[in-house]
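Below are the structure tokens for one structure; questions will follow.
Going by the order they are written in, the chains are A, B, C and D; count residues from 1 in each one.
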């Protein structure tokens, strides 16, 4: 039985670990693994290859994805999905493992409704905003990359009266920003999920400055669009020399952490087992309230996970 | 109300994060935090200090423990425990937070039975072998330190026909070794919890070498005492040039990961809340089956957590 | 004989190594080391302390400066310089070691002309634009921090058709940008020292894209102010999704590299030896054309080192 | 004109950077680059490939060597060298760039005396013991890897009364050990080049312990074979709990530093230019007293660089 793996949407650390485990474990179970290059674009164009050991040797500690990823506009059209299915059929591929996020899961749910293909989604996005799972591949590595950047900034913070405004990734999700603010003890955290009351922050910080505070670290979620505003406010109202850092795509790269590798392995094994053993529907592997589980793809797609209340509470403690 | 924190036994990354959160959160709750330096030795000798902001500023990203740790033989004697209690009483300290492992929890359980002091233990050991909790502070950082070393070894592995035998910490526990073997895809894993069948491994590897395998990575838990034996076996039977690495105390150091900081914060807040709000007995903060909880110290002490069956199963898949 | 050390201007990795060596070596030579906190501001305000072993223990691997730094407007006024001298005299300090850049050296040259104090400057700035020396403390660490960020970006670059525009520190100096572009193989490098011909770059890259180029990495020196312009140009003319990263103060932090520590030690020993043995004038320690030497402070101050021709030539090879 | 590159002997970080620059620069100069896989073994067996862009894309930040390396016994025999030459001739390869050490240079010197091939050696060994050059590729990365390990050990050192004995690579050369001891401020450094007087060290350390020293870091060069002896001595005579770390092959891996990449580029460009422009003899690229130069291969081979006196002097200052 042939099964294939592909990456869809934004890449994230841990993809390679999932790919490697998919290939190794499927071979151990006596079946044939295929790699689809360049995501749904490659699926449409037939860039499909039977996986050999060399394709996945020595990739565990590499960031990015060796089979690359893509966003595909063409996949919205039925004709291209038809073409995609024909490509799968040509290789005898009956099941797909898709590393991606909400958008990719929606696309796959539709695809599997139209054609006799089973899919298992593995949640993969550093934003950690996929509904129904507390964890998506790449998050732990991204958090540590941001933490490392903030640790470096703290080194220099102690030398001067300075403020540092750091923009962290996340469009509608403040997860990375919130957890980084907690883990690094930032003074300010601006996220979409929590109103930032500038006057309260000003009062608190003015008091702390009068008591000897030498530096301010402010984290701002990219999606709020308030990075520059916060920087100007600190400079004008708190009279600290203020420098902006925009972390950007650094946050998507880096050697995957141990945690991301272990999660990738668990998800990949669950995905393979499900597809080989009893694929009654299309599912997503999740880690929810401390347990691994499978959820129907329709349950997960088209929704967005809110930031957990406990993190909001931890941020309140920062104030 | 005065509460104090101390570190006992082997140090581990994340101790400083717990210490900082203990101080900050206790102050936020309007109570007085104390620091006890040099563990139980310092408790006996009265090295106790009311914590000031400067004591814990900028320590989040530092390995080790700013209040240091120790092993204490004297604490086994009643007279010294009496002296320790007198020191606490002098400062009005009614509760203690202890960062340590099984041995420290046993000592504290006895101490709290003799004197009117409440204690909360926070599991802290890179061995991750404390009964009743799936996580102890320091483990995630240690796993990533080992992973980083193994990633470096893989770089050089691809250049030659070579075997690398790496000794990983863990006296009776193979946790670090097992998880590192899984996360880095080692070919051999020798731990106390699983019989290592040298003849089976030899057969498997000879076959793989004949199919083109260029290198072998073998992880050996320190507690098995078999590092040299494994190295000699590979050299003699598999004819690979073999080099030994003993990671040693590198594994205890390093900047704490985001995960270790978050766990340290959760544990510290739980500990403070319990001691301030309803300290009916002496407890340990745990993370068990995906949930944070408090367990009675007697439940946790004097036992040792076995390596979870799921990791044994994952190792089987390596074979 | 008393000698003191202070940091002035922007901080840089390696300051702590120089401070530690200054203290240790001076003690070894039987003299008394002093620390001046908060730079010239602290000198004016008398924040001077006889150095003890504990002040410099365990600081080698810490970024920033344990004695902090500052920029001082007051030091431009004679009255404050007079006050600074009085403070030095009070402690019997006859010589100063100053970790800083051109501006600090100018200030010290004037100060030493007015009062009987000898000074040795140690070039310290990640910009590496101090005249008369090929190396300033902090440069190697900054280069490796930037490199690490670019390596992470490359991980993710291979997954998509994307361009990455990274702003690197450097006001009038393109040194960090140029060397980072060379060391990481960037496709575009925009620095103050070299005209960037947008039409030539466009032609070259269009050709490469037609031949299969999947990503573009563009480095832009902060001082050119062209970061946004370059990003917009790539997006519009080359049709690549483009993301901006501004590294900011991350570049000043981080654990000092081995190279920065060794240079710090050499400079510190040279400074101490000069001040103790034959301080006929005020000098700066330099590393010039592969040799350590001392140059008169007037030779070094008030000029700016141009980017070496060999780096311009290496950039030409990138085009 | 065809030129080829190969790696010989122990691998070192920076090899990939040299390989990439060799290919890119040679193409820029309009000539044809070849890659020889698996070192001299691959040369004998004809594993030679015309280099394509994909062979060297994205390898700058990878440790090890993508064309691998080997030690070859067969190359000592004339018949195999004859075969090697035939392979080169078949591809029209007239010049070779060899990344390696003294042994490899000797082999090449002989080979080029027998057959009409020109060779340029690029010094590559983390031991930094090649005669006639102050720098060999890989040294800076290795120093930083060791430093990072020692920094981690210092984290944990401050918690306990403990000694750490760390074995550093280097057979006859104490370079890495000596420079690491200096850069990390070790208390003990045992290298082949300097007599270690155990009684003097004992006296000094006993005095320091009585004054409050809490930990001891001892670095021992692998080639002295004294790691265990030193550990036992500290335990018995100084009564510190002592742990041994053997860094092993970790020291050969890791992402190449900026310095190693820049040196690799310089050496590679020099090698290509020499081979294309005026290859009157067989040479080695060197960096000597701050200058890049070419030296005749016979001058460099068959000798060993002693540890520079200035480092011995710096070690004396540690005592």
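Going forward, a contact is a pair of C-beta atoms (placed from the backbone, for glycine too) under 8 Å apart; a residue touches a chain by one contact, two chains touch by 3 or more.
Quantities reported herein were computed from a predicted structural model and do not represent experimental measurements.
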Fewest hops from chain A to chain D - one hop per pair of touching chains: 2
Equivalent interface positions on chain A and chain B, same or different at half: same
Geometric centre distance via CA averages, chain B-chain A, whole Å: 28
Approximate Å spacing (C-alpha centroids) for the pair chain B, chain C: 39
Distance between chain centroids, defined by C-alpha means - chain A, chain C (Å): 35
For chain A, residues contacting two or more additional chains: 151, 154, 158
Listing of all chain pairs that touch each other, if any do: A-B, A-C, B-D, C-D
Interfacial residue positions of chain C with respect to chain A in the complex: 7, 11, 13, 62-65, 68-70, 145, 149, 151-160, 162, 164, 166, 243-250, 252-254
List of chain B residues in touch with chain A within their complex: 20, 25, 28, 58, 60-61, 140, 143-144, 146-148, 151, 154, 158, 179-180, 182-185, 255, 257-259, 261-262, 265, 269, 289-291, 314, 317
